[in-house]
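Supplied in structure tokens, the structure appears directly below.
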């Protein structure tokens, strides 16, 4: 293009990508390949379910969640967030199982018509530990990995750029939509919408917010589609990547080891070795 | 074309039978009666989900062998669909998180986006939307929205997307306005028969032995809650059928049936996951319902089925209707450019005839 | 490279009447063509048709020929056309890709899609950022910029694809006065550098500033065309629903008040 040629007339020193792109994480654990961290999280979560009991999941939590979290320096945050997340589920799990475990016989205490049983307690603890393991594993991943890093890594390995696009765009759209909902809520409140009060009123108050948010977002689809196609989005096949996370043979072996270990555990469980 | 669907069907049936026979030690024979044992249903649902995935692979493989490409699948993924999916995923996550955290009602409302994409673009994008919604909801979304158990239910979301996409492909989400009273009456009766039929079947299979739900020493809160759900479900079905006559829109029974059927299938697949992985507890309002049934004497497996068969059909019924309303609010032009958009337009509206030297896009 | 439209007409999907009819237009290298007209006169439609978005992305039906240096582009897919003709839209926020955490990645989005080698992508991105004078914003989050800045990012993203022509559809329509000034100045700088632009605008001041020729649309047809100075001073502008330029208004009011002369003309130049 005429203008472009003129702009590149002067000799310019070559510049690289800006430093914030692909900036490595602060600790060794952060710098692990995102797929490795994702594999660890998934294997831990599934493993906690497969192992059952209390010892297995607790061991997994210590080795695969707390230890890496300490290395990554996110332990306090992990404990806080993980507990916060599992708290409502934990409460439900405890209340439901402690008091309503069918077929239980060993009674611990009685509160009116409701009885707490030892079997119920044991089961409640088992479920609780499992939930903590899953929540911990997933929170560790969330605290140490940028989702766009994982997407770039998967794209490098051959996943379609369109799926990567959907994932990245979803991550950005959630907070954007919440903002929009808050703006509409404020506007509706100024028009006299009642958002406090009884459950029924709150449900009724939700509709004039949800409607505009959903329809407003959908109305943007046409404009966004045109803008994307104007930027070459329809071109099939792979696209250029500016950078990708580093990987190593060791990590690849570790990933396979984790997956095979999990598969072996599942087989052992089904075959009855673990009871 | 036929070969692909046939291959998919064959693959589904083969994998299903192999599964039932080999994992028989979960407590099932091929006796149709015991299929709907709680334990039998575990393997039933699990195997069904795997068979579905294998069937999809078979379909894709045959298409690739025939045409060296995945055209019928990738055609469902044009730019417009790709742009819609993140919006749909965000809707799923935000509404689902709001309902689970703030409104402790025994419904989910986390599939509106999935079914919207499935209707506009097809079963595969719908399934992918569901899958990604659940995965991102667990792994990537920050607290307070994050939902730990969601990823485990990804397969349920996939199945919901597939069913909704197929329903839309069959024209079930299309408005059918201004029909005669006779047609509307027939539609209402058919819908009622199907819904009530499913209800009776579910009741005799899953609830028959637990009429103790309403026994004297049940805590009153559980009795009230269960009656409330049944009442809400009945009210919704009746309300929609009234809507049928008020709006004179024959689409109502179609959407009702699609919602209830999808709900029942979703319940069958999600209950084993909820029971075996999470002990029936996932942090939403549904936990209380599970507790209610367990207090009435059911084991975990049965209780999650009982809860699911109440919550899921209601939830999917409402979701399908919300999607129907969203589609009705979308301009004709907006819908038409989506891969399945043509199937969502009222067939009684005439379309523009093409004039001689006007041409559409050739690329 | 010349973009030529010959007897082009366009009808939106589901519309009963065409929105464009009998359009004959040439966009030559280094020229800036301004398109003005009342609302619904077809300005946006023309922009969409020239860039190929209509009918490829949005459906509808087209008539006539569009040629790129005598080559008929009728069967070119959108991504092929996007390398030769870029189009920017009114809404700065909906042009963001939503997958970029930094302005750099946002501008690099287009070249990355075209699978251009990495080093060249980086090179083009910096050039585009510098052309719009926003290289200082390279590490900012595009979602947190002002509307005017976002519009500059959008145009930079188009420039990075090295199109031979740039189509801008009412680039300042949704901006506040500060944003309008920012974007107008940037576009004027591009025009001064020799970039070929087709810009549609309600605000004729911008056209007066940068366009070499102006086309006025009425009800989907070309009602008037010619050199900028001639067209924008034509008294028929008002009945065509086109706003007069600030300079034109000043001249009119001044002469009505009996003020004028060489000093006024010199000041308006």
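Letters are used for the chains, namely A, B and C, taken in the order the chains are written, and counting of residues starts over at 1 for each.
One rule holds for everything that comes next: contacts are C-beta pairs under 8 Å (C-beta built on N, C-alpha and C of every residue); 3 or more make two chains touch, one makes a residue touch a chain.
Bear in mind that the values here come from a model prediction, so they are computed numbers and not experimental data.
Contacts between chains leave no pair untouched here, as each chain touches all the others. Taking each chain's centre as the mean of its C-alpha atoms, the one that lies farthest from the centre of subunit C is B. Counted by C-beta pairs in contact, the busier of B-C and A-C is A-C. Centroid to centroid, with C-alpha atoms defining each point, subunit A and subunit B lie 23 Å apart. Subunit B and subunit C have Cα centroids lying 46 Å from one another. If each chain is reduced to the centroid of its CA atoms, subunit A and subunit C end up 42 Å from each other. Counting partner chains per residue, subunit B has residues 79, 86 touching two or more of them. In subunit A, the positions touching at least two other chains are 165, 169, 172-173, 176, 220, 222, 224-225, 228-229, 233-234. Residue positions of subunit C touching 2 or more other chains: 56-58, 77-78, 98.
On the subunit C side of its complex with subunit B, the touching residues are 9, 11-16, 55-63, 74-78, 98. Taken together, the subunit B residues at the contact with subunit C in this complex read 79, 86, 332-333, 336-337, 351-352, 354-355, 357-363.
Put simply, subunit A touches subunit C in their complex at residues 1-4, 6-8, 12, 14-21, 148, 161, 164-165, 168-169, 172-173, 176, 220, 222-235, 237-242. Every residue of subunit B that touches subunit A in the complex is listed here, in rising order: 77, 79-80, 82-87, 89-91, 93-95, 98, 101, 103, 112, 128, 132, 136, 138-143, 145-146, 148-149, 151, 217, 219, 276-283, 287-288, 290-291, 294-295, 297-299, 326, 329-330, 334. Those residues of subunit A that touch subunit B in the complex are listed here as 38, 41, 45, 49, 81, 84-86, 88-89, 92-93, 95-97, 100-103, 113-114, 123, 126-127, 130-131, 134-135, 138, 141-142, 147, 162-163, 165-167, 169-174, 176-178, 181, 199, 202-203, 206, 210, 214-215, 217-222, 224-225, 228-229, 233-234.
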